[in-house]
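Below is one structure, written out as structure tokens; the observations come after it.
Just so it is clear, A, B and C label the chains in written order, and each chain counts residues from 1 on its own.
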Amino acid sequence: MSSIYDYLEALREKNPLVYHITNMVTINDCANITLAIGASPLMSFNEEELEDILKFSSALVLNIGTMDSSMMNIAIKAGQIANKLNVPIVLDPVGVGATKERVKFVEKLVEMVKFSVIKGNMGEIKTLIGDSAKLKGVDSNEDMKDGKYIGCKLSKKLGCTIVITGKEDLVCYKDNIYTIKNGHKLMSKVTGTGCMTASLIGAYLGVTKDSFTAGFLGTLSMGICGEKAVKNLRNDEGTGTLKVKIIDNIYLLNKNDLKLGDVIFE
Amino acid sequence: MSSIYDYLEALREKNPLVYHITNMVTINDCANITLAIGASPLMSFNEEELEDILKFSSALVLNIGTMDSSMMNIAIKAGQIANKLNVPIVLDPVGVGATKERVKFVEKLVEMVKFSVIKGNMGEIKTLIGDSAKLKGVDSNEDMKDGKYIGCKLSKKLGCTIVITGKEDLVCYKDNIYTIKNGHKLMSKVTGTGCMTASLIGAYLGVTKDSFTAGFLGTLSMGICGEKAVKNLRNDEGTGTLKVKIIDNIYLLNKNDLKLGDVIFE
Amino acid sequence: MSSIYDYLEALREKNPLVYHITNMVTINDCANITLAIGASPLMSFNEEELEDILKFSSALVLNIGTMDSSMMNIAIKAGQIANKLNVPIVLDPVGVGATKERVKFVEKLVEMVKFSVIKGNMGEIKTLIGDSAKLKGVDSNEDMKDGKYIGCKLSKKLGCTIVITGKEDLVCYKDNIYTIKNGHKLMSKVTGTGCMTASLIGAYLGVTKDSFTAGFLGTLSMGICGEKAVKNLRNDEGTGTLKVKIIDNIYLLNKNDLKLGDVIFE
């Protein structure tokens, strides 16, 4: 690799299999974005075949979205097998702060399974750190400082990469931080842009075990393609077209697009 | 409110949360249309978090579509909690006349849960009234008379708003009827236009507890946007594009579009 | 029928109901493609209503994709009722070679249920024949010979039509073979083109019990429409648009398009 952006081509060369245990709302979009970036999605909710599938998987994406029993019954077992087989895992703890049941379930997941990347919005990641003592986010500047503080703290605690999505996305590993300024707020009007970001991170984990790089490239890919999709919308187009165009742009993405990302590394 | 059409802007201001317990076929479309109109969708099939979610929900949409156990196991409990918390509920009794199991399940739902709006096609609503004695629909004129008779009768019986979708849509509350002539028959070639209408009604229920108004505005929004989407299709476009354009048009919808609806109130 | 291509119009005239017991990833696309070709999709995972639904179904599509319990618990019973009621069944044994659990489940299905059409890629069909002794596929020419050998052998063994999708699609019934050269490799970058092909075959089975004809017409319809969709993509469009355009083209498909298919019959 002469540059980390070469991983996009490596991904398309290798076509890694990304096993998803995910929610019912965006499962189709996750499959299509995984294909669009150049990887292979596989979705199964069957306990008996977990190990067979993980043996030929390059990454596992775990998304708690709809909290259905088909996911909850196998999530921890799948995570533990993936750990045993050294398959990296992305966790998307959707809505974790919203209910006690989600908090309880994610706490158990984080205790029993080692994740490579955990991706959430500020509220979700704040819930995971469980410590709001030093937080003072009242304007968006302070919010970014809080994000960096929390992201790095949680990264050190869990030994994994933390991605915090928002107006600007943060990718934290220990004391290293990427701030990604790409993206557009309209993307939040399409369901699943977050879930799809986790799928992209999973795809990159299929070519690099460096979770900081994979977390960064997956998040950057979505930011760049989403922003481009919004900017190219016509006046008579809206969020239906936007979803279609996000997948189009991921399919069309190349190394040079990634290099033009609006990124700060510190 | 100087006009009921102002509720669209109120909705976009408030961004009410609409909790969906719905089918597996159109769950993604329901989420995207809810976002497009300006509300927030949440989908969960987990019994343990029903109450937590309903505490911050503005409306509940219950759709029996795929009749899967994940929905059936929680539907009645969710409905009863929503009733207790005063969260309005839309019921979409998909295909209720088609099987004994659906009839039995919906009868139980209607007995144990109080709904704000029930939305179905003529066949579904006829099944719910369980009385075809005075029906004589042989041409579409008589069918509309039957629809008004059934809609008002069922509304009085259940104390809720009844929406009957079809060539013309009827929204009935006691003896008040809106007839909506917008829409286009091609919309029936896209799965989920009915389910999405229920989501839109749920979104409006998030800003007005007046179920007659919410039922009307949700149905009218879909009729106007669907019709516009069909009319703007190019010759080389079909039902794939139509779905995308319906969501686009809901996103682009404004108060003036609603005012131009082809509506009769009686 | 003056030509088998007339079945497309017959299908649109009859609007046959195609009952799907299918996976969670592409269930929406299967419903929309079924509507686009002119049939009616119905999806249900409820054991109690299987028989009621099959009584008015023209075909059953069974797809094991996500191997979830909602499908596995009812698949064999649904198949046996369909057999009893003489409702033709399409089996899509997704990923059957990938895990022991899938092999075991499909072997049981094939033993206990009689299918009209089984559709898979070469790997899936090879797993079903369970005999690789005479196979020598190393280049694509030999692979096609293997495909014909396996397809015809499996057809005779199970007494049904075998569809093998790939660079060229093969439709085999006993010693009769259609080779379809339409299609485009980019279609494999959209999830569900295979599942949707099974839905199309199911739709045609609603108007002809001749499984060889239905298997051919369904596969040909997808090949022609997918190829056309790829060729009409603009430079700034990708696989998101491709899915939309495939559904559009199925909706727009007519008899003359089918007649222009690049087909060899032997």
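Throughout what follows, a contact is a pair of C-beta atoms (placed from the backbone, for glycine too) under 8 Å apart; a residue touches a chain by one contact, two chains touch by 3 or more.
Per UniProt, the chains are A, B, C = Hydroxyethylthiazole kinase.
Please read all numbers here as calculations on a predicted model, not as lab measurements.
Engineer: Chain adjacency by touch: line, ring, star, complete or other shape?
Structural biologist: Here the contact pattern is complete, since every chain touches every other one.
Engineer: Once the Cα atoms of chain A and chain B are superposed, what angle does the rotation have, between 0 and 180 degrees and to the nearest 5?
Structural biologist: 120
Engineer: Please decide if copies chain A and chain C contact each other with the same set of residue positions, more than half shared, or with different positions, and reply same or different.
Structural biologist: Different residues, largely: of all residue numbers at this interface, under half are found in both copies.
Engineer: If you average the Cα atoms of chain A and of chain C to get two centres, how far apart are those centres in Å?
Structural biologist: So the centre of chain A lies 33 Å away from the centre of chain C.
Engineer: Got the chain C residues that touch at least 2 other chains?
Structural biologist: If we look for residues of chain C contacting two or more partner chains, we find 24, 28, 70, 243-244.
Engineer: What does chain A use to touch chain C in their complex?
Structural biologist: 24, 27-28, 31-32, 35-36, 41-46, 48-49, 52-53, 56, 70, 232, 243-252
Engineer: Looking at the complex, which residues from chain C come into contact with chain A?
Structural biologist: Chain C reaches chain A through residues 23-26, 28-29, 65-70, 72, 95, 98-102, 189-192, 236-241, 243-244.
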